[in-house]
Every structure is written in C-alpha cells, then in structure tokens.
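Right after this note come the structures.
Presented sequentially are two complexes of chain A, the first with chain B as partner and the second with chain C.
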Partner chain A sequence: MPGPAGDGGAASAGRDDAHKGADVPRDADAVLDAEFFLRWMDALARAVDREAARLTELDAAIGDADHGANMRRGFAAVTAALGKDAPDTPGAVLMLTGRRLISTVGGASGPLYGTLLRRAGKALGDEAAVSRAQLAEALRAGTAAVARLGGAKAGDKTMLDALEPAAAALEESFAAARQAAEDGAAATVPMLARKGRASYLGERSIGHRDPGAASSALLIGTLEETAR
Partner chain B sequence: MTGVVGIVLVSHSAQVAASVADLARRLAGAGDGVPVAAAGGTAEGGLGTSAERTVRAAHGVDRGAGVAVLVDIGSAVLTVKTLLAEGGELPEGTRLVDAPFVEGAVAAVVTAATGADLDAVAAAAEEAYGYRKV
Partner chain C sequence: MRMLINVPETVVADGLRGLAAAHPGLNVDVERRVVVRGDAPVAGKVGLVSGGGSGHEPLHGGFVGVGMLSAACPGEVFTSPVPDQMARAAAAVDSGAGVLFVVKNYTGDVLNFDMAQELAEDEGVRVARVLVDDDVAVRDSLYTAGRRGTGATLFVEKAAGAAAEEGAPLERVEAVARRVGERSRSFGVALGAVTTPAKGTPTFDLPSGELELGIGIHGEPGRERRPMMTSREIADFTVEAVLNDLRPSGPVLALVNGMGATPLLELYGFSAEVHRVLAERGVPVARTLVGNYVTSLDMAGCSVTLCEADEEILRLWDAPVETPALRWGR
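Moving on to the complex of A and B:
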C-alpha cells in the first residue's frame, strides 16, 4: 500500500524496517544461535570434567568404571575442536561435537552421544538460529536414533530414560526439560538393566543409577543453565 | 566385484583382536592371501574401541570386493554401526557381520581364501552361531 508521501518520512521508514525485520525470520522464537550452542557445549565439557569421578563411580557399580574418564576425554577433544574452528550454525556445532565424540571416547558413550548430537545437528539444518521448539524436535530425532542404534527403549535403564522425557518437556520450557532429565535419571535407580554390560548383572543392577542417564542429565542441565 | 574380501576384527582389546586375527589366518592356512586386520583397543592403548583404528583397518584390507567386519561387544558393535550409518567413513561394500567373534573370524577367513564373495563370507561367519559344542 503506497503511504502518504512526505508525511513523517523518517519515522514511518523506521516502522517499515521494524515490520520488515519481524517478517524475515522463519520462526520469531529462533534465538538460539551458534554462540549459544558453543556456550552450551563449553558448559557441558566443564560439567563432565567436574563430575567425571561421580560418573565413573556410578559406572563402577554396574559397568566397567570408565564412563567418567571416557566422557572427559571426549569432551576435552570437543573443546579443542570447537576452540580451533568454531562452526557458525547450531547444527554444525552439534555435528562437530558428535564427530569428535565418536572419534575419541573409546566406549559405548562415544557412538551413542555422537549419534544423538549428529542426528540432532542434522535436524537443525543450516539455520543461523533456532527456537526452543526446533531444538526439542531435533533432540527427539537424536534420541530416536540412539534408541535404534542401541536397540533400547524407555525403562531399560539407559540414557533414554533421561533423554526421552527431557526432549518432550523441552516443548514446555528449559527448566521443565532439566527437571524431566533429573527425574528420569533418578528413576533408573530401581530399574533392572536390559542393555549393555549392566544387563549381565540382572537383579544386581537394581539400586544403582544408570551412568548414561546421569551424564544425559548433565547434557540437559547445562542446556538449561546456558539458557538462563 | 573381483578381488578378495577383506576381514576386520574389532575388539575392546588390542591383544584379542591381534590374536584372533593370527588364529584365523593360521587355521585357514590362508597365508597372505586374505587381508585380515585387527582393530583392537583405544588409541591410548586402553580397553575400548577406536573409530579411527577401525576405519584405517578397513581401508587397509579393502581390495574392492568388500570388507567383512566382525566385532566383540558393546562399543565395538556401536562404533561400527555408527560409522556405517554416517556413511563415507568406511570403504564401499563394508558390512558388519553378525557372528561370534572367534568362530566367525575363522569361518570368514577360510571362506574368503576360497575367493568367495562378501555375501558368502558373511553367511559363513553368521553360520558359526550354529556350531553347537555340546
């Protein structure tokens, strides 16, 4: 619609620009940019480093006592890779992180977290910024890929018990996702392990928190911290 | 495809992978005819799986007729599955074979030494699940 020429030119041009700007993003809530994802991965690497002893202790009870050391090695490599050549989209940050984890972890958590983050990164595509809803959708896709890779499902006492409810709750808020991940990890304590080394223990796996669910709670917990 | 099928043995332990490769080669009497590579342990020399060792081993035995990969447990299985799902990492015609590690490796190397194709090598390794011992 042609506006009245010469009527308050500067002000109306300003309004037009603002209007145009608001129309451009595909999603008005797409505020999570590459910088946000880099801060998230940095917070996660620091949390893994801080909690490595606890993760290994959990793994010593029902696994092979290497989860903390493996995750620490993997995230040290992630920090080095992201620091050297920081990707400029959210998807690329997750793809590179997953790639380094697959290459460097050495335990099952490498391919599992690698698949989670690479699948999620792929789902985010090459958008410069994404919304919380898009991230929730991407984490759901990543979690489904982990379930396929490991042949596990919710209730098997695995990382899925923290990730599945967290990805669903992320639709609502970051805080809800964190709570869901923590509740999910706690819920693995009374479960009987049906996957991985812990499953050889049968009934003796009951009463211990799953180490993978515990590290998944760190992944979602640091996401919520980064979003504060 | 022409050429001989390559065999890769991925174990948590470098010693297990190397020993099973040696055992399979000797039992098969295959000499140097069948390329067999061991990819065991982590890059740091610990117990675990190295994606890079696995990729290197697969390229090292690829003669254009496909590569059969046998794995032991846990991260060895998941690492190879992930590399296959990623695409572009392992040589074309690389297949994860669902077989017992030791018996499957022997069956795979013996079969590959006859000049059999990847389907036959994989089938022979998988049949090893059926060898009853009692």
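Moving on to the complex of A and C:
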C-alpha cells in the first residue's frame, strides 16, 4: 500500500513499538499534532477511494450495495473541507471530519462514523498535540458513543467488532491496533447480524464479513500507516 | 443492464429536475435535495415531512402536495437523506403549528431523522416523529433493527396528511399517523433482483424459475427462496403472512403494490387473487389501490399492505389529495 501523503519526516509522527526491546522512543511519548491527523484523514480518504468497490461488494452480500459509494462521497467532502480550511488542533480535525460525514454520507454510516470522530475529537479537547494513549482514550469514547447511538454491542456483527478491540490495543501500539481491527473485522464473518440492514437476513447473514467492520479496519489501518 | 440515465452520479438530481419541470406547484431544491409544497408554510397547518433513499418513487417526492406531505427529502439511491435536508424541510414548512416526521424504520433513516430533529428543535421548530415498521417478513425482536418500513408508509402519509389539512394539531396528526401505522402490515415478493445505477449489476442473483419471499425495498435478499409460484399461490402466501400478524376484525384498506418492473396487467390480476383470498378469509375490503407506489428501482415483484380501517381512517383516506402520484376528490 502506498504511504501517506505529505512530509514523512514530520517530527510529530508517532512510532510503533512492534519491535519489542528495540531502542526506540515509547509510543506513549509520541506527540501527534494536527498535521499528523490531517495526514491520517488524507490516507483514510485515499484508502476509502481505493477500496470503495470492495466495500460495496461486501454490502451487496448482506445489505444494499452502497457502503463504498457512500463512504467515498463522504471522504471526498472531508478532503475538500480539510483542504480549504485546515484546523490547527487534532480535536478540531476529527470534529470537522465527523461533521462533514454526517452532512454528506447519509445511511447509517454517516451518523455512526460522524459520531465516532466527533466524539473522539471532542475528547481530545483543544490541545495542540496528543499522545497515543490520549488518542486511544478518545477512540474508546467515540466507540462508546457509536454503541449508544446504534444500540449495538460487540458480537452484533457491526463496526464495533473492529473498533472496540482496536481502541483497546492502541494502548499497546499502533501495530497492535491495526492487527486487532483486522482480526475483529475477520471475526464478523461467522457472526449472525443483530443490527442494521443485515439483521433482516437472519441466518443468511452468516458467512459474510460486515462492511462497517471492514471500513473500520481501514480507519485503524491508515492510522498505523500514518504513524510509521 | 440498459438504463435510461446519463451517468449514475446524477440520477437523483436529474430525477428532481424532471419532477420540478413536470410539477410547477412544487418547490424543488435540486441542489439541497428538498421537495416542498409550493404554498408552504400553510398558516396554522402542521407540517408533514418524510424522506428516505431514492429509488422508491413515487415515494416520497411524488406524495408532496395538498392533503399529503408538506415536504420530502430524497437521499442517494437506497441511502437515507442527511440531517441537514430534513432540518431545512422542517424550517420551510413550519407555520408555528409544528412538524411531524414520518420515518421508515431503517437504522440509517432513524439516526439521520433523530439528528435532524435535534437541529430543527434548536431552531425553535416543534417536531414529533412516527416510525413506520409494517413488514412482517422481518421478525421483530429487541435484538435486531426491527421490522422494516414499506407499503404502510403510503397509508400513514395519506391519513396524516389529510388530518393536517383539516387543521388537526400536531398531537392529533401524530396520533393518526401512529394508529394507521400500528394497524398496517405488509409482505413483499421479488420475481427478479434489483440493479442500482452505481453498481450496474443485480444486487443478488435470482435464477429464472425461482422467486424470493419476504424481500425489502432495497434489493436486500429476502428470507426464503422457492421455485416459481403462480399469481394465485403468491397471493395465498402473501395475504396469509399479513393476516397471521394483523388479524383484522373489520374492513381493510389494501395496497397491491408493484416493485417497479411488474406490468399493471399482472398487478391487477394479482389484485384479483388478493381479493379472492381475503373473501375466503372473511375480510371485507373497503378500498383498494393498485400500482407502483413504493418501488425498488427495476425490481420485478409485488407487495401487499393491509390496514385495518375504521370510520376515521376511511374518511381520511377518501379526503381530497393532489400530489404528482395520488390525486382525487378535488
């Protein structure tokens, strides 16, 4: 996969500690500033664009075949908004992204992803830079807001099955978060859908990966890429 | 798949431009995706706002006008509209008497209308909301998204629209909408899959010689697949499914609805079978509407919606209506 756009040498980028024992700065000390979050959102927008057809295919199997197109439309609007007037704090980047998604995506994904990022952004406050631990805490707050809004919990075959383990693993490292999100998305395959349009299928929802969990894995995957 | 379109990206906007050109009595904002009655806000009248994904035409834009919706908000194809649209519509139709949102029960629609309600209330508009969830093919359960909103939406919008036109206050219009929804049930059958403009290929593969029972209106697969049945057999199965849930004690309103690609000749033949089954089951039919009203793009198939009527519901059903898709009594 192509790396994130922009200046790879930014002093602000975090480093993952997948190589235990190596003499590298601890992630918890990494300072993630607005520029890091802008690069993350840019990488996410490009990943969504690249993977749109796959997300739509997943949605066609158990939903209504529009997840990829909707997310692509939303992130195109996010890219335009962030490009026009880039916020100068991490929290503001996530909150603006969330608001644009709510105003452009529609479906369930718009309010759910919008709430995830708005709530996470709110949790980061107006600090100029945040640590990985703070981001993990913010993602947990955002994920909890998604669970409340959608009335879902882990195991219901939704985006929460990727997000909850990822937010927890982010305490450890960016790489662990990415792995947890991908494992979480894969784990939705044998699940019976209990929320959203897939739940109408009952038993026929079993055997398919949840499209929302798949796009959530992109969110966390691009976070890890941006931190490399 | 051949489609009468320019490019998939402009399908919704192109349709709205056509709606505006054909019906000058409507105020159509193509850019912001809101269809409003030309004379809104009507002094003293409760506003009735609905919306949902596009692809179900004439639902909802075709039901905007005197005696039915004050405004409709079309989303992308099969995708609920965004909160900004409904908040804008609410502001455009509110005369001070408040606004009722009619929401089909899908996760996306519910979430976006909830957010719109917050936005509208922040602007000082009094908003009530009614959920339509009539599809008996979906098992209602605390652990799922619940039954889908389908054909009963037409009954709810017609009755609530008539009540609002009579000058009923918000609480009354809401009560009418809720009562009609609670007394309505639907079941749908697909004879062919649906192709969205964006995807260009059918969302599910339905071999000829088979049909899909218990489908929704978004090309989502149904609950069960069977070898092809006759119109008579489909009517037996469909009406049975509805009556097992509804158990009406009096006359019903019947909507014999086409999914978009089934000819009216076939629909009328099917309607005759529906009447036959209802007669056999001792259920009198007070009114019947046959046609493509709550559609699913190019899906072949049909659905049956029954509403247990009473004098008030019949009066509201018969009340004058003047919209692109339904008009009588004026």
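Things worth noting here:
Note that in this section the second predicted complex is superposed on the first by the 199 of 228 C-alpha atoms of A that agree within 3 Å, B and C clash if a C-alpha of one lies under 4 Å from a C-alpha of the other, contacts with A are read in each partner's own complex, and residues count from 1 in each chain.
Quick note on the criterion: a residue touches a chain if its C-beta (ideal position, glycine included) is under 8 Å from a C-beta of that chain, and two chains touch if they have at least 3 such contacts.
Please read all numbers here as calculations on a predicted model, not as lab measurements.
With the C-alpha superposition on chain A as described, chain C and chain B clash in the combined arrangement. Once the two complexes are overlaid on the shared chain, A:A176 sits clear of chain B and of chain C alike. Contacts of A:A186 after superposition: neither chain B nor chain C is touched. Judged by the touch definition given at the top, the superposed model places A:A60 against chain C, while chain B stays out of reach.
After overlaying the two complexes on the shared chain, residue contacts for A:A108 are found with chain B and with chain C alike. The wider contact with chain A, measured as residues touched, comes from C rather than the other of chain B and chain C.
When the two structures are aligned on the shared chain, A:N70 is found in touch with chain B and with chain C. With both structures placed on the common chain, the touch criterion links A:A144 to neither chain B nor chain C. In the superposition on chain A, A:G202 makes contact with chain C only, not with chain B. Once the two complexes are laid over each other on the shared chain, residue contacts for A:R118 go to chain B alone; chain C is not touched. Within chain A, the residues touched by chain B in the first complex and by chain C in the second are 64, 66, 70, 102-112, 149-150, 196-197. Chain contact summary for the complex, chain C toward chain A: residues 53, 75-84, 106-108, 111-112, 114-115, 137-139, 143-145, 148, 196, 198-199, 203-204, 216, 218-221, 223.
Against chain B, in their complex, chain A makes its touches with residues 64, 66, 70, 102-112, 114-115, 118, 149-150, 196-197. Those residues of chain A that touch chain C in the shared complex are 56, 60, 62-66, 69-70, 73, 102-112, 149-150, 193-197, 199-202, 204.
Those residues of chain B that touch chain A in the shared complex are 42-44, 46-52, 73-75, 78-79, 81-83, 85-86.
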